[in-house]
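In the two assemblies presented below, chain A is common to both, partnered first by chain B and then by chain C.
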Partner chain A sequence: MIVGASASQYVVQIVTGLGSAAVLFLISSGLTLTFGALRIVNFAHGSLYMLGAYLAVSLREPIGFSNGTFWIVLILAGLGVALAGVVLEVFFFRPIYRRPLLTQLLVTFSFVLILAGIVRSIWGAEGESTSVPPFLGGGVKIAGGSIPTYQFFFMGLSVAVAVGLYLFLYRTGIGRMVRAAVSDPELLGLSGVNVRILFTGVFAVGAFLAGLAGAAVTMQGLSGPDIAVRAVILAFVVIVIGGLGSLIGAFVASILVGLAQDLGIIWVPEATLAIVFVVLVVVLAIRPQGLFGSRVA
Partner chain B sequence: MTAIAQQLRSLSMLPALSAGARRLQASRQAYTEANRGLWIVGFGLIALMGLMPFFAPSSHILKGQQALYFGLLALSLNLLVNMIGLISFGHAMFFGFGGYLVAVGFAKEAWGPFGDPLLMFAFTPLIGAVSAFVIGFVVLRGRELYFGLLTLGMGQLIWAAAHGWQSLTGGTNGTTGVFAADWLSPFEHANNLYWFVFLCVLVCTALIWVIMRSPFGDACRAIRENRRRAEFAGIWVKRYEMTAFVIAGTFGAVAGGLAVISETQIASGQIDWQRSAFALIMCLIGGYRYFLGPFAGAIFFIWVRDWLTKETTLWDTVFGIIVLCVALFFVAGLSGTIHWALAWLVTGIKRLRGIRLVDEAPELSAAEHEAVHLPSLASEAAEPRELRTGGEPVLVARNLTKSFGGLVAVNGASIEVRQGTMHAIIGPNGAGKTTFFNLLTGLYKPDSGTIHLEGADVTGVAPWRLVKRGLGRSFQQTNLFWSLTALDNVLISEAAVDDQTLRIVGKHRPGLRERSHQLLDRVGLGSFAGFSASELSHGDQRSLEIASAIAVNSRILLLDEPTAGISPSETRTAVELIRRIARERDLTVVFVEHDMEVVFGIADRITVLARGSVLAEGTPAEIRANPEVQKAYLGETTDEEAGA
Partner chain C sequence: MNIFAAEDLAAVIGRAIAPDAVNAAKAYVDTLNQSGGMGGCNVVLDVVEETFGDVPACLRAYRDAIQSKKYDVFFGPTNSACMFALPELTTAAGYPVLSGIAADHQPYLENFGKGGKYAFHPSVSTFMEGRAAARFAAENGWKKVGIVAPNYAYGQDAAKSFREYFLKLVPDGEIVTEQFPEFDEDNFTPFINQIAESEPDGVFSAYFGPFIVPFWKQWKAAGLEQIPTIGGLIVLATFEVAQTSPGDIPANSYGYDRAPWQLLEQTPVGQIQTEAARAANPDSAPIVSSFAYQMLNAISMTKAFVEQTGAADPEAWKALVEQGQFAFDGAYQFAPTPVNPLTHMGDNCAAVGLVGSDDTLPVPVTYDPSTFLMSCMDDVLTQEEAAQLVDRDASEITQEALDAYQANVDAARTAREGKWNGTPATPPS
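Up next is the complex of A and B:
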């Protein structure tokens, strides 16, 4: 218990919080993107993230996790998860877009169970050791504390993803279609766009981001398949705070939640888990549609 | 909007086992007759559970006990899911409130009577109700998906509190060794414990049954079917949702208390979101449209999961696949499957006796029906028409303005509707008629301007309050409680407007059913009372909509394009119907209409809107002669309409 923490402790916790925020954004950007376009609440998103992490664990053996090759591992894991995402979308999610909410929730939830079992049977229920490319090893000394270098890599990666997604959505023709799908999928369908393929594509991008995030966090080490449910809950908190479907909202809310979590360790160590949900409830009590949400659902 | 309507329609179909297996469906009549069989199965199940200690080995008794309190948790959740259409993803939090109430005081000697688990168990309904009331204020701000996510967040907040507040709850290790009483010891008096749980669950189930069958339950189903329509039946939706949420929380907490008494322990892991998800899964697998479905689901869940964990390490994968298959192909769940099997049994038995069950379909529209049986209509229509000047102004709006973003939809529009008149609002497309209408009925709040209803200022008042003040409305797009019968559509409106539906026990007031039936007769739907709204022809749905608008005891009727989308012959019938009923009941009618023949045929007074403002107001003859109207309105429309 640190009461009256020093300024340097605050700095360390803030930087660590930004690192957590970066990972959170990587996960939740994909979730908010798929929700925005497909209007489906994908509980399995955390499981895709987990799948990415374990794929990376397997891939880093043959490929290696050196300065030059760890990129390949990250990208391949992301692509592998994107492929799984396409299968999921085409065969299981497509039939339920028009179904009642209960069906949608339970279909996506069923994949939480299915993927948890599959991953456990392949990779086991134990965690995996960390592995960090040499140039990201070690730590950066800030305000008397040491922060792992890979945390800064996470931050860089998530800013790159944010910028990339922004350019994709606002500067390309396909991105414009995706945004149109977010505001009115039915109208878009009437305008001659193949909404099915577009949806599959969006889902693949979301899954790719989840896989990429999962592969990246293997640098922190992996506690086990249970990361799936923890991640998806936090990602939901983020996108609900930010406003469902809003990319900027996800970015801001990731920082908010990441900081709340890590500063909570200083303020109320017993309630670090609760503090995130307190933020959620407070934000929604003031703005039910979330920080950047446009509609009151 | 239409997508939602379609969804509701598809839900209203008899338990559809799968879209592909349609031809496997037995007739509706067979399903109705199979209901009796379903009752027998239900009571058989209850008896089986009650007598379990007499024949089952102790390991199964233990599972039965689990199925009972998890079933109660699922049943209380289903009260939200099936009755009022709220899908909660955090229902385990109430399980937690009840459970921790029973558990936490036990080990703490200083807590005195609070350390008595049985005494505390008696208070579980209270803590459930109080916590649900508080939490309801937060989570009920969201609807549908947002509600689900808010309950998820709230549930996790409670979980995180239980997890982190170790000194009170014991965190992940939990509070253990909570023995309620000697005579309930799970080791020495396992059967006593079982029966105690069984009796508590039985009583709770009976109470939930009573609540679901009450007038309140009817109103909740109306909200589930169509929230907006419910508001215009005079239902304060939030209040009903809160009541249902509190009831669900109450029983959820009892289930938690029973769990602790049975298992003698509780830990934070037992109340996380997966527990909530499992409760939903129990509802789904068991068949959430059936009262005892959640128990069927709980029994399946407990035994099958137990068996799977023994048989395979991939138990969660297999279980996930089961959930997936049920969600995709067997939405009716176990109970629905039993119902289906019984229906076929009925069909088979009837066939053997030489009786063929064929569904009667409402092929003949009531409008045509009416035309055949009520020849007086034509003669009434031929009567020369005298314009009514009306009495006092009953609905007065002044300078209403409403804009959406940059678009000013209604700009300083005023209207004065006199008692007993038929007042039409017309205008070219995009004139702001529907927005104006929505302002008058309270659906939108005006940016500026005032509305007075029978002398009282009602600016910005919620629709349900306006309805209680005697304002009934219909919608341009048919808006009904789709899967409820025509009779219930009318009956619920009649009951809700006087707050009869706030009663959570008992039946509707005597005579209400007859009155509703009379009203249906009046609009020509008497013979269709038992059909669900979604099965009626479009013209009949319009009539039902009008009946619903009248059923709220309205003195002022606001009809938004009452003849939209119906055939010319049906239009005539509908118009006559409106006029007749208005005369009989001395109603004031305000209506938006595109069909000029209708407007000039029945309106006493006409307000013309153009670009959000009032262009002219006057008698039909004045409007017809007004050159500005001709220029701005009639000139712009097609020849066909202009010639009318």
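Up next is the complex of A and C:
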């Protein structure tokens, strides 16, 4: 018995927590990327995640959700959201990059409501879900518990995204430019790089990742368009704990938050969400810039 | 006779809840007006958007309606938290309020002093659903029970009602785990892990309608189908997800419901209400939203009040109810529905049944009617317990009134004897 539960119970919750962390990372990686490069507090990021989920639900009908077509649905949903992201960035967010934080919050939060309204008018307010492709069906027995197989898929997908983003940022020329934009976008612009297009590209990648995450989680079912708000709040908690703009920080913080959330169910089942915010407050008290953030933003 | 209600017309929690219920109510009012209205008065039912989830906005809508002095009667909203706060507002302004879609009786009883005077309950409540589920669990021999409920007013009230009544019925029973995920939670697996660890005989899950789908999917994926679960309000016409993946529903899934149409279409008044609701919502027919019956019952109760007192005077309505003889033509009974003089609650019923599939229905997920266990208020709440729960001096109600009410209850019980369980009018296909 370890603090109110058996060791096997802890093992099961830790594995499940890693599954939750994986989804959190998929959402927050795009958010931290766009914040790092564009310095915009994008509250609509959760809505892009929600949009990916609903696109996947619609694409499932004509394409199917078999072992093969499932991948096509994921990619197309991600690309659809990336396209929506480009529209948002070019027409609505670009003009507010240099505006005060409050303006950014208001504009991006407006899109939370606008996108929720659009989704409600197209898909209705009810929850939706896709079926689980055969290769992800059933559960994996661990320590006496059974973890749905798709949770391991979430973990694998998030590791693949983390590695892919790392290689992109640190092993490609465009990645170097993105990192330079994070450090000093004006200097990068003076060196002849088209920062506008670069920013649009970064925003599209962030939106793609949010859409991909949304499409993936339809396997476990959605409660409705309101998932956008909860998702963006948790994603912000992750990137603040990890350090704004830090990909490694988002990865580590996702694990921290995912585990805190799921282990919190053992300790205080009535207030699991509060545990997450306790972690946030403690981390910020010790390192105000977040675990991997730099002191000067 | 002008009636006001604010409902979730935007269908935030599903089309089958407020929109279908309001459609049915308006159609029922039209039918009523064609046959003379209420006591000779034409009835107008105005329904506005309540902005579901925004309780202050919901209360503001009612406050504006009260200030307009245009309305005689108020029907409750869709959101339970708004309904809980509403009687204080309407009673202070001197208007009667009847519960409609939302009805959480236990907090209402415990706060009767705050506006309960002019509040009347023609609809079935979370309290009744919890008790009906507890009775089902007890009759099926459950001893160790897990609870998982959304962490907001509805979920907490349903869990409280289930827990208290189950432990009363099964004194050696045990609630082995209680989990309260956030309302919009999609990832139930960590909560399911905790439930599985506690090895319950069954699980009461206060998730309802579309919100239960993620829970079901993850429950099945966790390989826990052998453990029976009772979820909420399974048959909602908007339950579209069930059309695309009915295979996601685990075996041994039961549902509690405040008005399963397969049962209500059998009572004389229920039959009329069912036809009105089907005509108003032809896309869903033969399915009728459980919430349509709640609003239709509110109209029926209002009609009885107006016709028996000749006015829309809440003081006269209160006096009538508290004399113990008041009963109205409701959908839940085969005789007039008695209204408890102490609590102002109608003797309505909730059911629990096994979830099954019927491809002939517009939404193929339904109950197996042969498995229904219907529990009425008089089955699960004694007068002594009601007196303990309600926040008022029980001696305000005379023994004559209580006797008159009991006579009505006895008549209702006699009339429904052998009518429901196992004798569905619409056999499963």
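The criterion applied here is as follows: the second predicted complex is superposed on the first by the 290 of 297 C-alpha atoms of A that agree within 3 Å, B and C clash if a C-alpha of one lies under 4 Å from a C-alpha of the other, contacts with A are read in each partner's own complex, and residues count from 1 in each chain.
Here, a residue touches a chain if its C-beta (ideal position, glycine included) is under 8 Å from a C-beta of that chain, and two chains touch if they have at least 3 such contacts.
This one's a predicted model, so the numbers in the text were calculated from it and none came from an experiment.
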Query raised in the report: Once the shared chain is lined up, is A:13 touching chain B (first), chain C (second), both, or neither of them?
Result: second
Requested in this report: Kindly classify A:202 by the partners it touches after superposition: chain B alone (first), chain C alone (second), both, or neither?
Outcome: neither
**Report entry** Touching partner for A:274 - first (chain B), second (chain C), both, neither
**Finding:** first
Report task. Name the contact category of A:103: first (chain B only), second (chain C only), both, or neither. Result -> first
**Report entry** chain B versus chain C as contact partner of A:252, first or second or both or neither
**Finding:** neither
Requested in this report: Have a look at where A:146 lands relative to chain B and chain C in the superposition and call it first, second, both or neither.
Outcome: second
Query raised in the report: Is A:21 touching the first partner chain B, the second partner chain C, both, or neither of them?
Result: neither
Requested in this report: Could you tell me if A:227 is touching chain B, chain C, both of them or neither one (first, second, both, neither)?
Outcome: second
**Report entry** Touched partner set for A:128, first chain B, second chain C, both or neither
**Finding:** second
Query raised in the report: So which bits of chain A does chain B touch that chain C touches too?
Result: 120, 229, 270, 272-273
Query - Interfacial residue positions of chain B with respect to chain A in the complex - result: 3, 6-7, 11, 81, 87, 89, 138, 141-146, 148-150, 152-154, 156-157, 159-161, 163-166, 273-274, 277, 280-281, 284, 288, 313-321, 323-324, 327-328, 331
Query raised in the report: So in the complex, which bits of chain A are touching chain B?
Result: 41, 92, 95-96, 98-103, 105-107, 109-118, 120-121, 186, 229, 233, 236-237, 240, 244, 270-274, 276-278, 280-281, 284-285, 288, 297
Query - Of all residues in chain A, those that touch chain C in their complex - result: 5-6, 9, 12-13, 16-17, 19-20, 23, 60, 120, 124-132, 137-139, 144-151, 217, 219-224, 226-227, 229-230, 261-262, 265-266, 269-270, 272-273
Requested in this report: Enumerate the contact residues on chain C facing chain A in the complex.
Outcome: 10-15, 151, 177-191, 193-194, 196-197, 209-211, 213-218, 221-224, 238-241, 244-245, 247-248
